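A short write-up of the structure that comes next.
A, B, C, D, E, F, G and H label the chains in the order they appear, each numbered from 1.
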Amino acid sequence: MEKELRLMKGNEAIAEAAIRAGVDGYFGYPITPQSEILEYLMEANPYERTGMVVLQAESEIAAINMVYGGAGCGKKVMTSSSSPGISLKQEGISYIAGAELPCLIVNVVRAGPGLGTIQPAQSDYFQSVKGGGHGDYHLIVLAPASVQDMADFVEVGFDLAFKYRNPVLILSDGAIGQMMEKVYLKPYIPRSTVFPEWATTGKTASRERNIITSLDLDPDGQEDFNHKLQAKYDDIKKNEVRFEEFMCEDAEYILIAYGTSARVCQKSVQIARGQGIRVGLLRPITLFPFPSVRISQLAEKVKGMLSVEMSAGQMVEDVLLAVNGKVPVRHFGRMGGIVTTPDEVVDTLKTLFIGGK
Amino acid sequence: MEKELRLMKGNEAIAEAAIRAGVDGYFGYPITPQSEILEYLMEANPYERTGMVVLQAESEIAAINMVYGGAGCGKKVMTSSSSPGISLKQEGISYIAGAELPCLIVNVVRAGPGLGTIQPAQSDYFQSVKGGGHGDYHLIVLAPASVQDMADFVEVGFDLAFKYRNPVLILSDGAIGQMMEKVYLKPYIPRSTVFPEWATTGKTASRERNIITSLDLDPDGQEDFNHKLQAKYDDIKKNEVRFEEFMCEDAEYILIAYGTSARVCQKSVQIARGQGIRVGLLRPITLFPFPSVRISQLAEKVKGMLSVEMSAGQMVEDVLLAVNGKVPVRHFGRMGGIVTTPDEVVDTLKTLFIGGK
Amino acid sequence: MTEEIIIAGFGGQGVLSMGKIMAYSAVMQDMEVSWMPAYGPEMRGGTANVTVIISSERISSPIIRHFDTAIILNQQSLDKFENAIKPGGVLIYDGNGITRHPERKDISVYRVDAAEEAGRMNMSKVFNMIVLGGFIKVRPIIKIENVIKGLKKSLPERYHNLIPLNEKALIRGEEIIREVRLV
Amino acid sequence: MTEEIIIAGFGGQGVLSMGKIMAYSAVMQDMEVSWMPAYGPEMRGGTANVTVIISSERISSPIIRHFDTAIILNQQSLDKFENAIKPGGVLIYDGNGITRHPERKDISVYRVDAAEEAGRMNMSKVFNMIVLGGFIKVRPIIKIENVIKGLKKSLPERYHNLIPLNEKALIRGEEIIREVRLV
Amino acid sequence: MKEATGIKEIIKPENLAYQRTEVLVDNTLSYCPGCGHGTTHRILAELIEELGLQSTTIGVSPVGCSVLLYHYLDVDIQQAAHGRAPAVATAIKRLLPDSFVFTYQGDGDLAAIGTSETIHACNRGENILIIFVNNGIYGMTGGQMAPTTIPGMKSSTSPFGRDVKTMGNPLKMTDIVATLDGTYYVTRQSVHTPANVRRAKKAMRKAIEYQKLNRGTCFVEIVSNCPSGWKMTPVESNKWMEANMFPYYPLGDLKVPSEEKGK
Amino acid sequence: MKEATGIKEIIKPENLAYQRTEVLVDNTLSYCPGCGHGTTHRILAELIEELGLQSTTIGVSPVGCSVLLYHYLDVDIQQAAHGRAPAVATAIKRLLPDSFVFTYQGDGDLAAIGTSETIHACNRGENILIIFVNNGIYGMTGGQMAPTTIPGMKSSTSPFGRDVKTMGNPLKMTDIVATLDGTYYVTRQSVHTPANVRRAKKAMRKAIEYQKLNRGTCFVEIVSNCPSGWKMTPVESNKWMEANMFPYYPLGDLKVPSEEKGK
Amino acid sequence: MAKIRGSIVVDVEKCKGCEVCMVSCPTGTIAMAKEVNSKGYFNAYPANPELCIGCASCAIVCPDGVITVYKTKI
Amino acid sequence: MAKIRGSIVVDVEKCKGCEVCMVSCPTGTIAMAKEVNSKGYFNAYPANPELCIGCASCAIVCPDGVITVYKTKI
């Protein structure tokens, strides 16, 4: 079947893609700049279209725990929110990771800290990638840079989530959530009617009871479980790294940027190349697992790297860890909801690495 | 006045020290392994002793928001919890950082993720140091390694909190919280009766109204504010790094460990020295700001560093960032509530760096 | 080719939908587009604005601070965006309610009195399409036929009877827009 | 000098407080101590145990898996901790309710029938002090006078009248402990 | 200032009959035309002035349209996280027991995410005033369904009207808190007509006076409109409110102190 | 198995009058001696067996002493975060509408941290059974005060007895949920005597049957003991409960379906 | 009996044209302007000033607090 | 009329000695053992087996579900 072309907001694209991907349940609570996800779903009435359950929860905490419940039944379930709401979900996320449940969480980031503002930012990187909740766990983190990515990553996300029994986070931002762009939508996949064997769907005579829990009071058991988790994360690091390169072949400098910043930096590369500066862009698509190996390879042959993020500098630490001192790594970012411009990036690159403007 | 010698649990020491430090309010919710803090306070009846308010809140979220309210009045207020409860506080913590309120938060860490177990762990390092909540903010993080530290860091914490108008986190663990040791308690300091000029205490005719908020919808204002925050963090990094060194002068290898792990490693150093291995220990006392400069200096003269943490490896990233490729850095840790033994550390050091046991 | 446009006015003037129709039309021409509204409680003040970028290449940032063309529908927006137009750029404005007229001399200024015209022709519903017509006249990067195509695609079937009226408004806009020379 | 001790038995046998008194006594002797209970719902099963470390140096980890001395007050605890005693270490146990006696031959085993004795002397309240007396006899790292000092410091004034009884119990423990030779 | 004035001769200081209180800062309110938040702010400001409370007042603003309350009231204010105002106010009042402490909260804030904080502060009988502006919708975020949205009512997340089967029943928080031992005075008012404004102000005055007497939690619900969220003109919205909200949320006192009952 | 048996001749399969259900897994319960959690588990297990629900049951255990419910009941169970069981159960039931879904929660879990989730699930009328074991204390964490701790009652965080002035009033969640439109059957029971066990089981059976009919939320409170937390022997604790808890939390139905009232 | 006369002053630029005052005025004093203010609102004004009795109903119901009321006996 | 006779079986090692069965037995059949079981509890046992009427009160009130009841008419 052919893909359908639409002009949609990133938030709407996620919602429509969720219906088409055969998602079983969405549980959310309004917050700018992502409320359109819930609104679109309610308007689209997916219960009629596909039987999908859509529920406006009483809070973000209720929503993430509904996700826990639905995911525990082996269903494809998701939630979405923006920064303060995602902070509230941290305990729930840690539980989901600890119970090894597959699910999709969308963070349409706004600037913080606190109530902050509703404009786009990338200042939740640490929370997403290092673990905002307690304990040693990781989310698989996907960073969309377009409305098309918003649509596509729903399916990608659920595939990864179920493959690894691990929560997947789409780390977007207010710009991508609110903007409209062209998007090609995939045809509808029917909702699944078979469930993973670990799911709580009612204990039949043919199997032992299924238990969804993150508790093991015995430290030896708990440590074994943690080793199992770490082994899973190692697998993920080995198999699931995704990134995009733009003009890196002959580059002397590499910009590293994800999401909205990556779009901006693509333009910066063009501008800089126009000025004779050999710059390339590496855009991590997965933030966990991070493309450390590739960055470390590139570090062998370039003069410097600039991490461009709408934050005070968070991803730059992962770049530094990957580069491990081989070449200088710097950070440039705007904060507070301001989106960096392509020119600023070029100017900064020149100031920091080439000297003078 | 003389200090009083007592045999106390770490949790009790925090509580007693809080009363003696003239703390105005404590708001908490029970969770193992830190419930003794609230229990001790209730038993000690500090309202009678010093007028201190002690309230068992209906949840961790209520408690952290009570701390927000009290701190906004310029009072010395605190809360405590353990890992899952601290995850729930992340939105509140981000608000407190965003509103620049001084306060003390205690995390007596247990192993995760999820409900995990109640045994000690150090797996909340990332959450504490990188920011478990949303937005670009930092807590000042103190890592006690003894019951004495638990008592002392209450006062240290409030001093730093008020100096920088920044929340301070004491990152402890179940071992230190539950164990009894000797502790020397300071005499009681009366509760303060003067309040910072920014506090909401009622607008008098002589001043403008005071507003406590983390909201600035205007991205330019929000960015300015974020720059101000970052400048503050730079100051903190410059002025407040604390650490302890043990036999580092002539060391070929350095163990880096905090809290309970640091105690264990001190023994490991003795054991290893007994075997003729020149090892030292650097114990960060502040985890943010991290003793990166000192570690980077040490990296110039040693052959390798081993980060020992009761986690899958979190602080090791800060060590790597400080070392920046100069010497090999490795991690060793137990998980799931198991406390590393001194011998294990020595064995691992030998395996990873020296070759063979 | 890249055209970076801001459309700004009161809420209720159809600012966002004008932008959307513009974007849809460009999609019909196989171009890349981005449509980015000012969102959230900013709108509470009663103003609305949207940035539309139309380009033959992949679009970098949807949030920009300088524009090739500004379409301005009230005084507040004129005050806010006049200086955000790139030198050599275009300003199109509706004179209704404007007390302080544009002053920049390094840009081309056009006036399309669409409010007045809509009142006169009794078609206030398509006020924004008159403005769009004016835009198309001075910046012919999208074709009226593609606007109609876009409308057909984006409007629910039950509103398709309104398309002729829209077309009429577009044409009227093309007719009434006029350049203002600031000397 | 470092002595690493585990005390284990039923909840209600005064396991934790025996550990605390031991620790307090060592503090009176200017030594470093740590007292670390098994905590939380582990206790729900009805068992209780505490690790006490007494040392002339700063103590590294309060949580350890091998002990110099184990003081064991019921069968479950014997099963759990017998193998956790370091070779050459000491096991002290109360024979009451014990069905499977200690088997290790590389340690010194002592028996102190404190429960029986407490019953006989009608002083079940200080059962744990009889055990402690036994401990002091075989591992004289703390002195009875310091135990008494520790009690004075740690007990609220209103309980000080019980101190003579405690002293009596301690002494009785010293008297009744006996080595068990496993050949 | 551009003014539209009536008969000039009457406009003399000595004839002044009504003037905006100075506790309401001279900023244009950010609310949409006709929104009841403005009126509610004003009566609160007037009472603070009339009762001489400016120097002892500490307010707590919510997350919701009234988040910017601190721009408008000339008193010390803390802006709380979404739903947590009662917890914030609890600490303020306990630490500064001589101050007048109020929270100002919307229905999403108080009855959805803040359910627990509301119930527990009321149940503890914290000596605070909770002002609860119930407009049946999430105004700030663009008109989503609130816990208080009435059956059949449309919102951006109940575009076909609230279906109680799947979306649940409206939650009458005021009725719940009235049953709690900690609350002292619980009332439901509106501010859409002059008479209602007067009654609401009288109720709020009582609540403030009870706080001085440490009587426990006072809870004043204002059933209000949201012309933008409801997609109506202000005047229509007030009519719709009378016809549809009031039957569901009848105005009047829900809990009156026994000491007052005789009066 | 070491057994203490009565008259041997009577012990024959054909004379079997009462036997532990197989839905209760053959593990020793981790509860303290005499704790009502065990009895409550057992009647629930018996009903699952008697009503043939084992293959359709999905339970949700809380954080609290009963966190390990999944060790004891031989059905599929999810262990929820502290207080969030009603949210977890909401999703389970909506996604698997033909299953029998229950939550099992303590008073700290349900009435403190989980207040909001409880009220909203009940108000939405989720088709689930909420079993609420109210022992007036936080058992699991060592006997701290719960929202339901009665005035004057001692706990590790109210060592001088609950002082309602500073610690607030006990919260009667069952009374609150009974007022909500979404609940269908709300009752308060106990399991400390044979007669009470029979009544409680009957009530729970009704609740389960209503769930089959999609009637909305059913809520069964079990007023229970916590011998360890209360520092009493089990038998003392039951007596104390009768004398002190029941006056505060009187047993009986709080909300009976109108269709049942005639019966 | 002395007749009561009133007069109102509307802060035009702050008026949002919500019409709540207009429908609340017992005497029909207030109407909405035909021209918008600089924010685009048709502001209220005393169209029939002689009818005003200074009852302040308009002022106390105005969400934006932009009406001042004067009153006198004549 | 036939007399009803009962008999109970207590799983001694799982009994926690809570005495709830003992106080619930209408006939005084049950008493607590003088010796503890291996977990340290004084378990319940049918001290007066001949009094048992098989009413199952003990079993349905036992928190640990460790009593099995038999009943017959004789």
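One rule holds for everything that comes next: a residue touches a chain if its C-beta (ideal position, glycine included) is under 8 Å from a C-beta of that chain, and two chains touch if they have at least 3 such contacts.
Every value quoted in this text rests on a predicted model; they were computed, and no experiment measured them.
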item	value
Shared interface partners, meaning chains that touch chain F and chain G	E
Chain separated most widely from chain B, comparing mean CA positions	G
Inter-centroid spacing, chain H versus chain F (mean Cα positions, whole Å)	25
Euclidean distance of C-alpha centroids - chain C vs chain G, Å	37
Shared interface positions of chain B, touching two or more other chains	32, 55, 58-59, 61, 84, 91, 95, 99, 114-115, 118, 213-215, 217
Contacts with two or more other chains, residues of chain H listed in rising order	41
Two or more partner chains touched - positions in chain F	31-32, 67, 79, 81, 112-113, 115-116, 120, 140, 147, 167
Residue ranges of chain C touching chain A (in the complex, touch as defined)	20, 23-24, 27, 32-37, 39-41, 58-65, 154
Chain G - residues contacting chain E, complex	5-14, 16-20, 23-24, 29, 33, 37, 41, 43-46, 49-50, 52, 54-72
Chain G contact footprint on chain E (complex, rising order)	1-12, 15-20, 24, 28-29, 31-39, 42, 191-194, 197-198, 227, 233-235, 238
Contacting residues of chain E [partner chain B, same complex]	54-58, 60, 67-68, 70, 73-81, 84, 87-92, 94-96, 99, 116-117, 120
Complex contacts: residues of chain C adjacent to chain G	10, 46, 74-76, 97, 99
